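Below are two complexes that have subunit A in common, paired first with subunit B and then with subunit C.
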Partner chain A sequence: MDLGKQFAEVIETSNSEFLAQCYELDGVPALGSLVKTRSRDCEIYALVYASGTHSIEPGRRIVARGQGATSPADVFKANPQLAKLLCSDFRALVVGHDRGGVMRQYLPPSPAGIYAFVYSCKPEEVRIFTGSLDFLSLLIDSRLPVATDEVIAAFLRLASLTHQAPQEFLIKAGQGLAWLLSNDIRRLDSILKRLRI
Partner chain B sequence: MTDKMEMERRLGIVISGSLTQGVQVKLDPAKSVEDIAVGRYVAIKGEKKRFFGMITDVSLEAVDPRALVMPPDISDPFIAKVVSGTTIFGKLRVLPMQTISGAVAGEGEGPQPARTVPAHFSQVELASQADVESVFGKEDACRFHIGTPLDMETKICLDMVELVKRSNGVFGKSGTGKTFLTRMLLIGMMQKSNSTSLIFDMHNEYGWEGTSEKEHKVKGLKQLFPGSVAVFSLDENYDRRRKVKSDFTVKIGYDEIEPEDIQMLRPVLNLTEASVQAVYELAKEFTDEKWLERTLQAFESDSSGLVEKLKIHEGTWRNLRRGLRQLTRFKFLVRQAPEDTVKTILEYIGSGKSVVLQFGGYDDIAAYVLVANLLTRRIYNQWREKVDRSLAEDSKEPDQLVITIEEAHRFLNPEIASQTIFGKIAREMRKYRVTILVIDQRPSGIDEEVMSQLGTKIICLLDNEKDVDAVLTGVAGKNELKAVLSKLESKQQALIFGHALPMPVVVKIREYGSAESYKELGPLIGGSSRKSTGKPDDLWS
Partner chain C sequence: MTLDITQVYSQIEAMAGDIKSRRADYVRRLDVALNTLKTAGSAQDKLKKKIDRARTTWLVAGLREPIGLKQPAAKCPDDYAVVASDGSQIDVDRHHSVRLFLLNIGLVCLQYGSRPEAEFTTLPTLYSDEERLFIRSDDGKQAQIEGPLLGLKRDIEECRCLADRVCAMPAAMPVVGLIDGTLIKWKLAGQRYEDFVVKHLLDEGLLKQLDRFQVLSREKKAAVASYISFPGSADVVNALRLHLCPYEPVDCDKYCAGKFEGRACDAVGGLADRDIFRRLLSDGERSAVFCSNSSIIKRYGSHKVCFFYLRLDDEVARVEAPLWVADSSELLETVHALVAEQCRKGFGYPVALSEAHEQAVVSGADRAQFWDVVERVMLEGNLETGSSLKQRSKKIRWI
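== the complex of A and B ==
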């Protein structure tokens, strides 16, 4: 597998999604970006749908420390232990897998492995992945704790930039959505409005 | 064919339908309904057969009716592009008409009338040149190129040999191109069939130059094919004014007019039924052929004795006088004709020359009805004898004779169609190798039975509902054709259906009138097989 940058590790996993912790504080990928990891038998592709930075210990709240400092970086300089007390992580929705070189846009047989490394996808990989739009139905039907349509739109916008004709790609994707949402014109309209680049 | 061309031709897929109602085709998103014209040909790639059909309707549909109430924001070009073809889409109705066996054009046996519909989701595309050719045939020794289908460059050809075997009609309202079209039909008949024409040319458009609305002159048949066409004229003065020399000047003797001829003129001369009755009485009274001349004389002198004797009502006599006196305006009517027009026409026709009878200044419906009826009746009788004789002697039958009349409803309206010679020819069909080509603006005025006997109908734009119904009575797919017919352009486009071609077709009629068009029409290839011989040619030189 031609690896992108290894930047996180799976710390909670299920068939349909996983939680991964980033090695670097604030190192979370953009909303809607495509990442990949591994399960026992295949490579798994997933879409980042939520991310954030918080304290490692659930009971311990972070307090503000920057009064008088000129930048947030100064805060870390003055309190080097902070970097160890905080962590950044993100949740990603599984949208496909690659087994033996064949891309399939449906759920893999087994979930991502715990501690499996997570890699960012190169533009070329994103382009290849979005060569088919079958993943759209998975996205449309998933019930995420965040606004699903935001994630869909964010992913399509990012993906479009990897294609030679971004606008064409967006129109094709829009048409795919139009089929899936033929009975929900209002939702279709709202996603389409978010697709303008 | 390249994939790209194939993609460009592709229109959509079959989603439902029936043979009688036509199949529904969902238009591909990339195609705009606005680019689709009713009347265009499409090919449908069925599982086993290739279907050939015509678009008869275009409609707008939505997957969900709510989309129409709360339309997506299509002021945004991006959204508009996405939803067209998906949420909202275009739909075509296609009437499958022929099947071309084998899923690829040009393969397998000839076209057959469609007896089933293509399977679900069969691909629909614009018909290719090869499709059209395999259905209509290529231009050849008997097929004449009459025009092109809508938005295509392919030639649509009519089988002239089949065409002339039956009577045919050209219909359309004024200015739609009937005369231009008929000129070409006549040329096609001369070139591609063994037929000869007699044309009753009321408005002087077929022999010498006719005018186009664009004010330039267009050539007549005599100019294009001087060796195969003769112009007979009813009006020397007109010839003189136009500086043309006709082959023959037609005079008709009063003694040639029979009571039947007057009966046909009843509506145009405003005669009453009683007057027509009186005409028969008068003919009986005067016993010989001079009855009309004598009747006209009687109008000028004291006629009370005659009127009393025949018990003709005074009002009837006045009506008759007013009517028959109109005939005296016609200078081509003389006491006795110096030459036998019928015989001369038949000589020309016998030698393979078509005859255009030009009315000159008498472009008057009374003159037209009188002369066309009178001559045709006698020509027909002689022609019929000739055919019977040739059958009896087992010799070669004469060629087909095609008689062209304009204002056909004057000859073929329900009131008189059963009595006129034209009605008879139309009904007897090809028995005696005479057929008629009728041209009319008001087909609803023509007898229904006669209409049903017309082999091929060529219909330019008609906007009167009754006329449309009249031309489509008894035709399969009437409603679909009606839609097509109402969308014809106002000129130079026609719907053609009947014996001379395998399925109805909308044709952009070939251009006539430019130097190039004359060149394309070419020489009389077919006509060369029956070279004109003897007298008429000499007469012309």
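== the complex of A and C ==
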């Protein structure tokens, strides 16, 4: 496995998605980023569909502290404990796996391991992963607690930048979406409108 | 059946009505107290002598500075640190067959300035061997550490962990070590505990740790203080009572035995020090430094406890420090400035203490899990794990 930057750890896991906590506050990847981690028998690829920063303890509410400060960085400087009391995490939808060097764009046999390290994917990996668009059906059919179409569009926009001809990639992706959403023109239109770079 | 709040409701209403009816009286007493503070201030030397010669039934603050002093906080140093410790415990449970107790000390080090940093530590320690479950005297006496004695033991461990951490701080950085609650171990006064217990907990416990701070303060700007939120003490009010007393020397038992009202000093009775200083001080200001005259303080030597009141946004806190801190204007100023700033950052309560508490706290669920683990490990070792039938009946709430 060609490792990118290790930046988070899986803290909740299932076959279809995982929750990962970032090592750095506000160190969450962009919406639609492709990330990778490991299960006991393969490398897992997943799409970031939600992220945020919150109190480590559910019962402790974050309160505003910046009145009179010139920047949020000043708030952290004046209250060094905050970095220890807050955490950033993200949820990622599993969209494929690599077993024995063969990329498969469907769910892996086992979920990502708990505490498995999460790595960012290099542009080359994203380009290779999006060489096939079979994973689009997984995305279209997923029922995420956020607007799924936003995640699909964000991912395709980011992925297009790793290709030599981004526009051609987006046209190809649009064609794939048109086939999958032939019975839902309104939704197709909504995603296509969001594909403009 | 749990508490039937509907039955208590009317009693709560009656209580609130009673407090309301006494409100006007409270305001009148407070006005008298503030006027007395002024007159006492202009005759401070006389009052000081009166306090020294008085025989009272209550604690009277010793005067070190003008009684009505209002001192604004100095600016905090550019770089400084605040270290705080707090603790919680799982007490000996006589319904379990294993005799043990657990202390969980939370330690927080916050560094401010050019290199802001935070360090959180939790130090849980299990005490289960006979040697550490008892305090023993050389002549074969022993006292089991549990209940109130365990509370005192915890205070000392908090202070020890705090001293360890403060000693490890870089020399160039001003640092204040903060403890929650009072430094005055008044529970050890009187006949309640035998001398070997007092010696163990105070002379070889708290005071030994305070010695470490004092030694450190000679090498660098390091102080120790304790913080009491919403204090109920009335040492300064009692000094005002002496000022109002017509007898010289004051002798409560001789002149006022059996009287609880109608005395000249009752004009300020029922007030707490915080009531006076809430009216007198502005935000961030401290009162004069006073010294405690609690009987246990006689054992404290150079660590004799001094205190001042600090007005914060919406309350008055009491800050206690050993005499060697109060005697150094530099250390006193640092304690005042840093504690006031900590309260400002912590919305009225020192942020380092608040986080130390969060590190130390043992919840009901933690307690249950602790005892489950103890029983499981005992079972794995084929050891007896009996608990009392009362304990079992609490777990299984049958009908």
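Operating definition for what follows: the second predicted complex is superposed on the first by the 197 of 197 C-alpha atoms of A that agree within 3 Å, B and C clash if a C-alpha of one lies under 4 Å from a C-alpha of the other, contacts with A are read in each partner's own complex, and residues count from 1 in each chain.
Quick note on the criterion: a residue touches a chain if its C-beta (ideal position, glycine included) is under 8 Å from a C-beta of that chain, and two chains touch if they have at least 3 such contacts.
Keep in mind it's a predicted model, so treat the numbers as computed, not measured.
A.B. asks: Looking at the combined model built on subunit A, do subunit B and subunit C fit side by side or clash?
C.D. replies: fit
A.B. asks: Looking at A:L192, would you say it contacts subunit B, subunit C, both, or neither? Reply first, second, both or neither.
C.D. replies: first
A.B. asks: With the two structures laid over each other on chain A, which partner does A:D134 touch: subunit B (first), subunit C (second), both, or neither?
C.D. replies: neither
A.B. asks: Examine A:D41 and indicate which partner it touches, taking first as subunit B and second as subunit C; both and neither are also allowed.
C.D. replies: A:D41: touches no partner chain.
A.B. asks: For A:A178, using the defined touch cut-off, is the partner it touches subunit B, subunit C, both, or neither? Pick first, second, both or neither.
C.D. replies: First partner only.
A.B. asks: Given the touch rule stated above, what does A:E24 touch, subunit B (first), subunit C (second), both, or neither?
C.D. replies: A:E24 sits against neither subunit B nor subunit C.
A.B. asks: Check whether A:L170 is in contact with subunit B, with subunit C, with both or with neither, and answer first, second, both or neither.
C.D. replies: first
A.B. asks: Now for A:V63: first (subunit B), second (subunit C), both, or neither, which partner does it touch?
C.D. replies: After superposing on A, A:V63 lies in contact with subunit C but is clear of subunit B.
A.B. asks: With both complexes superposed on chain A, which partner does A:E124 reach: first (subunit B), second (subunit C), both or neither?
C.D. replies: Touch partners of A:E124: none, neither subunit B nor subunit C.
A.B. asks: Comparing subunit C with subunit B, which touches more residues belonging to subunit A?
C.D. replies: B
A.B. asks: Measuring by CA atoms in the overlay, how small does the subunit B-subunit C distance get, in Å?
C.D. replies: 52
A.B. asks: List the residues on subunit A that touch subunit C in their complex, please.
C.D. replies: It comes out as residues 57, 60, 63, 76-85.
A.B. asks: For the complex, which residues does subunit B have touching subunit A?
C.D. replies: On the subunit B side, the touching residues are 29, 63-64, 66-67, 70-73, 76, 78-79, 81-83, 85-87.
A.B. asks: Which stretch or stretches of subunit C touch subunit A in the complex?
C.D. replies: Checking each residue of subunit C against subunit A gives 108, 110-112, 116-118, 120, 345, 347, 351-352, 355, 358.
A.B. asks: Subunit B touches which residues of subunit A in the complex?
C.D. replies: 167, 170-171, 174-175, 177-179, 182-183, 185-186, 188-189, 192-193, 195-196
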